[in-house]
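Next come two complexes, and both contain chain A; in the first it sits with chain B, in the second with chain C.
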Partner chain A sequence: MVPFAAAFGYSLLYSFGIIGVVNDGFTLEFWAEVFRSGAFLDALIYSVTIALISVFISVTAALWFTLKFQKKLRGKIVSFMIYLPLAIPGIVAAFFTVQILSKSGLFSRFSYLLGFTSGITDFPDLINDQYAIGIILVLISVVMPFFVLLFLNVYDNERLDQLTELARSLGASNSQTIWRVSLPVILRKTWTLIALYFIFLLGAYEVPLILGQESPQMLSVLIVRELKQFDLTKISEGYVVAVMYTILVSIATILLFSKRSTENG
Partner chain B sequence: MFLEVHDIEKSYNKEAIVSELNINLEKHKTLSILGRSGCGKTTMLKMIAGLTPIDQGVIKLDGVRVDEIEASKRNIVYLYQEDLLFPHLSVFENIAFGLRIKKIKDHIVDDRVIEMIENLELQGHGSKMPHQISGGQRQRVAFGRAIITNPALLLLDEPFGSLDAGTRKNMQTLFLRLAKTFNITSLFVTHDLKEAILMGDEIAYMDKGKLKIYKDRSSFINDPETGVLAETEFWKQLKTEQF
Partner chain C sequence: MGRWKNGILITYLVAIVFPFIFLFLLSMSSGWRFPDLLPEYFGFKNWGKVAGTESGIAQSFLISLVISLSVAVSSTLCGFVISRYVSYHPKKRLLTLLTYFPYILAPVVFGACLSYYFLKMGIFGTTFGVVLAQFIIAFPYALIFFSSFWNEKIKSYEDLVATLGGGSLTTFRKVLLPMARGLLMVCFFQTFLISWFEYGLTSIIGVGKVQTLTIKVFLFIKESNFYYGAMSCCMLIIPPVVMIYINKKYVFNKLI
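Up next, the complex of A and B:
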């Protein structure tokens, strides 16, 4: 907590020009400039959108796998296939994705060999693209297995197999059992972790750095870019973005846990 | 007969779990079934409820064959051994579950649930969550939730097995009252001799997947297999030793 508070204090002072090699003292100019340029807002909207889509698809797919194949998912081979992506670092997954989805990658070559495309330019942009397809695919592949394991665990602990049998015995159809029992029981137990994963993805760095486009960029990438500028007068703007991002994430986390403790209490 | 079960068979890995199962039960009657753990009681109930498929045989309810109908459409409710409540729903909503899925109007659901809560003597607990009430209260909620849907047949799988002696006695009294009030037809499975005798209009004994139904209480008591004679002898001997 102390190092975090110290780093935050340092960033805050830097953002107001109180410290910094080329700064001359307190000013609101850096904050005004960040708001004027709109870079923070663009990056925030871009990051929130990517994190939301990734979490939504991951959670939906993991729920489907869990409810549909919960018995098969406990098999040795399938378990191994779930655990494996968890052991692959994001940066490695991003490089794999470049090898597979780039214009000169594996899929592009197959597509050329099969006659679907006549050259590199015909293959669609799946990485460094405006829709962040590459980023979202990698985030899903990294996050979804975790959710499958989490949901399987809740499935067992909450005795969902018995609860679904009970619901059927009380007259619930398959879809009523899913919507009124399985989903509420699982999501009620896991929504905090899902929200935390959303916050975690909001700050993703390596994956969007490798697979993202030039502009807009995800928040972490934007912050590091600003902090490493050759123009030293711009560094303070990087700290402004970092401070705003930290405040936003801290507020979200506090709200999350205060709501959780209210529910538990 | 209201419930007719003919020659039901069930095996797992070639091992017979239930064989030659035959039951005939009149409407608004309770058949209590005594049996030790692992004798096939739960499998028998789950097959009648449609939660476990049967290998062969016929199940009829009020003259209609139901063994090929899916569980949710049989109007047979299976009550678990444990006080299994939906953890995300309050006591009120747990009881209302069966009515909500039938899309009954809210004001009717409210009236019926409030009435059921009174019958279960659970006034003031409606808004509580399952983890905020005791084991006995949870089992009452499970009862209420099963009965409120007005099932044609109620299957009770050792419903008081996890309760202490005092709570168990209260629950037995409650069940007998509710069975009378709501004209319940039920199969009541238990491993407790006294409970089997108290709860059933008819009594049966299950052993190694085979069910034997007794024509009256005395033939059940006099059959050495049921263990009633041994139990009586034990208490008699204890009394003789003491005095």
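Up next, the complex of A and C:
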């Protein structure tokens, strides 16, 4: 906690101009400038949208896979294979995506050979694009396998096999067992982790750094860009964004765990 | 319907394996120009240079290994010992909540805000600085990880040893460490992976001087040297794949 407090304290003082090489003393100028430029709000909306879409698709797909294939996913080879994505860090996933989805990547080559495109420029922008397609695809590919394994674990621990069997014997249809038994049990057990993953993705760095565009940028990329720039007078604004991000994440954490503590009694 | 569903499952499994095969094949290639599907050269030429100074990949592998082992050992041991005091503390809930803050914040932002202190301590751009920075992230993880270990049963064992005249050091060495051996192994590998996969924090505190494998991948992307980039990716992937093969628990742990 000491390093966290030290980092936050330093950023806070810098953001108010109290410390810093070119700062003259307390001022609200940097905070006003950040709000005026809208950089933080743009990055926040962009990050929240990407994180929400990625988590939503990952959780939905993982739930579907778990409920449809929970028996087949336990086969000897398959059960080993579904762990393999966890061996791929974000930076490798981003590198692989560049090789596959860039204008000179593998898909573009296939598209050219099949006659769908007539050259590099014809291929659509799937990375460094305005809709963050590349970023979202990579985040899904990194997060979804984890949720598949998590949901499979919950499926076992909560004995969902027996619960669904019981529901069927009491006259429930297939869709009723899914919507009224399996899904509520899995989601109630894992919602904290899902929310935590949303917060993690909000602060994603290397994937948007490689696959994102110049503007808007995700929060971490924006903060580091502002803090590392050559114009020393602008660094304080970077610390303003860092302080706002830290406060936001801290509030989310407190809400998340106080709610969890209440539920656990 | 059944065939359609099987098709999706097979597609998913192929999508899992494909990156591994593709990256390995790319690491063996050179002269892969658009629109060719196959490269001009395919063989072990690139891998022959893995230990050379031109690529620097073997050196980065060793640096990554030293950093990750240091972070894993220190954070696992500190996490195990200190989590005991947190778990038995009257304000356990508050302390556990506070543990989450450094863990949940984006490491790169945390590193950027901490860099001033690293500069003042003279460890900015050093391997020790990177180890310390990564420890600050991995240690809270270890604390949270071990919090479930300390329960009434363990407390009873500790009390029993104390009743029989054993000191706290004996309790740790003869009772607690053997009982927690499995958890210690899992935590060691998990914290090893946190460090092994880390990029943002390392780039900030290491300022390009400490070139771990993740930093190398990014440098090769910037240089458009995709063949060496793929080789670095393969080196990054190998240890976790081995861990999965030995024990899946080493890479997957639902923390909360």
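One rule holds in what follows: the second predicted complex is superposed on the first by the 265 of 265 C-alpha atoms of A that agree within 3 Å, B and C clash if a C-alpha of one lies under 4 Å from a C-alpha of the other, contacts with A are read in each partner's own complex, and residues count from 1 in each chain.
The working rule: a contact is a pair of C-beta atoms (placed from the backbone, for glycine too) under 8 Å apart; a residue touches a chain by one contact, two chains touch by 3 or more.
Just so it is clear, the model here is predicted, and its values are computed rather than measured.
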{"item": "First, second, both or neither for A:Tyr205, with chain B first and chain C second", "value": "second"}
{"item": "First (chain B), second (chain C), both or neither touched by A:Leu219", "value": "second"}
{"item": "Partner chain in contact with A:Arg168 - chain B first, chain C second, else both or neither", "value": "first"}
{"item": "Which of chain B and chain C A:Trp191 touches, first, second, both or neither", "value": "neither"}
{"item": "Chain C versus chain B, contacts on chain A by residue", "value": "C"}
{"item": "Contacts of A:Phe107 with chain B and chain C, given as first, second, both or neither", "value": "neither"}
{"item": "Chain A residues touching chain C - in the complex, by the definition given at the top", "value": "1, 3-4, 6-8, 10-11, 65, 68-69, 72, 78, 80-93, 95-96, 98-100, 104, 106, 108-110, 112-113, 120, 141, 145-146, 149-150, 153, 192-193, 196, 199-200, 202-206, 210, 219-220, 223-224, 227-228, 238-239, 242, 245-246, 249-250, 253-254, 257-258, 261"}
{"item": "Contacting residues of chain B [partner chain A, same complex]", "value": "49-51, 70-73, 75-78, 80, 82, 84, 86-88, 97-98, 100-102, 145-146, 149"}
{"item": "Chain A contact footprint on chain C (complex, rising order)", "value": "5, 9, 12-13, 15-17, 19-20, 22-23, 26, 34-37, 93, 96-102, 104-110, 112-114, 116-117, 136, 196-197, 199-200, 204, 214, 217-218, 221, 226, 229-230, 233, 236-237, 240-241, 243-245, 248, 251-252, 254-256"}
{"item": "Interface residues, chain A side, partner chain B - complex", "value": "158-159, 162-163, 165-173, 176, 180-181, 184-185, 188"}
